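A, B and C label the chains in the order they appear, each numbered from 1.
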């Protein structure tokens, strides 16, 4: 599904390499010490950063030269996942119709249904500022579901939530990704979140994004770079 | 965001409008003479008064804007609107209003007379006072805009951490000022550079000779086109240098996006700060409103007794203002970036006389300049308002880009949808302010129409000047009051349109 | 957009009138305003010429020099004596061909290109209620108490301001610089143009202003106010004469000639006093409105021919500037 071929990215003294493949339908946690380049890796896949060398392939297609919006990718950021001046319905309509135009009846029905699915039934006319943190996350998740892209990138989207809410959101997210049959990468610092969401893990440490391995064995017997991070 | 080709085209149009007229006049003028001692003297005075005026306007605007940002009181909106008035007054009306307060026969001297004091307003201090009168409101509004752009979340965080007012100042307000103040200084400095009638009158005589006077003299009196261009280029050079310096200093990151929550200020509740803010607001209001009150008092008697031709002039002015506003906003949105701000400064830096005469020369082979006097005036007014509009829009446009460009890219929004659904709604408040300012400015400015106006196509400011030229000072006062009311009404309408649904 | 449509409409409208010959006259803004002589003159001339007289207000000489021989103007009205030299040198003007015997100027006039249509004396106008005893000369003003202030216009941006420095130069010659130094304390301020100065004066900012000896006529006739008066100086007053000229490249030479003749006619001249608030150039005194006949007049008219004026100009301005800059 996702292949990074000889990918190299430098920014001053910072360097990140990646040579890996993520099979279709996997949910992968991206873990590793702070500053190792977890978010950078997602940016490279999403197209917000351009690699110095190497290729990004998604579903067999070389997307290295494509701008972010044209990649088959949907992404949640740490914040600013919704436009604060637009209602939830307007935010979601934008996700469906990024070139403008009013959503048709079918699309409007989908928006209502997806909001209900994430537990925001009847909140179409609310604005993000009037929602709680958990509700905002659910709204962002609704956006992700509507976008229906085969590859989903999550850059610590629940960092601002408390542990209980985070676990709940990780579960919701997992269901949504599975239901869509999508492939997903989630950056997280919290191993509980990682466990709740993912089966596999990509370890990013010491300038390298390692190929995905099964999450549980990795956590049970961490390599030195990860052990230092988990221990601290 | 596909903004760059649009920005480049917009910038090229500005540059063309600056260089075109200069080139057209150069075609007549021959070799440029080197500046003589008179020009150097004018340069020195121009620099001095503009630097003083800009610094003082901004220095006084900071406490005023701060007070307005953290206080809510009845009449606050009205006061903010009225404070915009001096900036949009035709110069001749403003001079009369100012001197009705600060002049020999003014209200202030009448009040001081029993004490045996006498205030002489004429001199460098008078020039600076007048320029502060014109520009303090603009500076206040630009800085107030910066204050309102601090997201409520940050203030809430500050309150949660129980930061003292001084610490709030250091952590939130100083970085905001570092971002806003250099641009405000540059814009005001450049406006003051091209002051002429105000500087001369309040300066008390030829000591207060500015570059613009030298341009006027060379072009209209001596018909020495080459000398006029030399001086115009000196003025343009100063403005561009000031713009470059301000951009070099205007650093500092934004505050990130908030969720548009309105949050009260918890940090300013002490009685001492209340008193301090009240004093600031009262002083600024008195300083700015007293001359307006004099203009109103003088004009009230003849306001109703106006000739019907006033309406036609007012209609012309409204059309010109509408067109200029639309043009300026489109232009400013395209230029709301660093380089754009610098280019836009040229709009007020080029002497209006050079601009008008140059355009006249360019248009003449194709169309009678008199027939297009109104469109040309609208264009020139739009160009003159551009630096203000860009200054007002840029900080927030930049913030919107910083905060939402990634989301928009991830959603693959088209440029049109980005503009319509994100940029314009997010910029509603500064857009409303910029539109109000442009419309009022265009309405109140005599502009290039004085150079080639048909008798049937007078605008309202020209109408006021014509009344004065015909000894009809009383009727002129009434027409000026009408102009003032119209400007304010337009400003209020547009500015308010931008603020509905927002707390300000 | 609206403005463009609007402008286009006006262009079409004027094209429809193209059948009647059009006489294009450049004139200063104050001249063509609805309160100036322009509208009356237009009506009176069109009644006799079967033509369309169109005033184009704005700058005169600068605009004409910009346009050169391709100018649309057929006639220019509102030039004044201090620019005739430059105007003549441009070669853009043709002889007026009028008999000058009808002129009633206080000075002799024999110019064959520039035709006077009105005149006045440059004067300091004062408010009697605030200055009961006006100065009778520049020296008297210089010696007056310091609170006797006057508002002037800048000779570098205003016609009347330039006339004043030439007046002082003509009276005092080499002593002009010294006189200006003594006058400096009495100069409250200097404005860009006449309107600002006069507006400040009527607001009471100073008891005296640089204007014209005929200015009080407006206050008397239109406002019934007799307290504004011109100070009459013993040393004489600078005669400020406004002129018209025919453009040599005119495509309507007959109409232009007819208009030049019309300028000297009683129909035109009779409109001048109470619209331009100045003396008509070719109307006997007994045909003036009573208020103009009653105005006090200086005993002596000072006039500098264009060569002399041009020779003195830069020096006179510089003496003024230096004295007032200290």
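The definition used in the following text is that contacts are C-beta pairs under 8 Å (C-beta built on N, C-alpha and C of every residue); 3 or more make two chains touch, one makes a residue touch a chain.
Just so you know, these numbers come straight off a predicted model, no measurement behind them.
Viewed as a network of touching protein chains, the structure reduces to a simple linear path. Among the chains present, the centre nearest to the common Cα mean is that of B.
Between the interfaces A-B and B-C, more contacting C-beta pairs are found at B-C. Averaging Cα coordinates per chain places subunit A and subunit C 79 Å apart. Averaging C-alpha coordinates per chain places the centre of subunit A 46 Å away from that of subunit B.
The mean-CA centres of subunit B and subunit C are about 35 angstrom from one another, to the nearest whole unit.
Multi-chain contact residues, meaning those touching two or more other chains, do not occur anywhere in subunit C. Against subunit B, in their complex, subunit C makes its touches with residues 1-4, 6-7, 10-11, 14, 29-30, 32-36, 38, 55-59, 61-63, 65-67, 72, 86, 149, 154, 156-157, 162, 184, 187-196, 198-200, 202-206, 215, 218-219, 222, 277, 320-321, 324-325. Touching subunit C in their complex are the following residues of subunit B: 28, 92, 95-96, 99-100, 103-106, 122, 196-197, 200-207, 209, 213, 216-217, 219-221, 223, 298, 307, 309, 319-320, 322-323, 357, 360-361, 364, 368, 370-375, 378, 450-457, 462, 465-473, 476.
Chain contact summary for the complex, subunit A toward subunit B: residues 46-48, 67-70, 73-75, 77, 79-86, 90, 94-95, 97-100, 127-129, 147.
Contacts from subunit B toward subunit A in the complex involve residues 256-261, 403-404, 406-414, 416-417, 420-422, 425-426.
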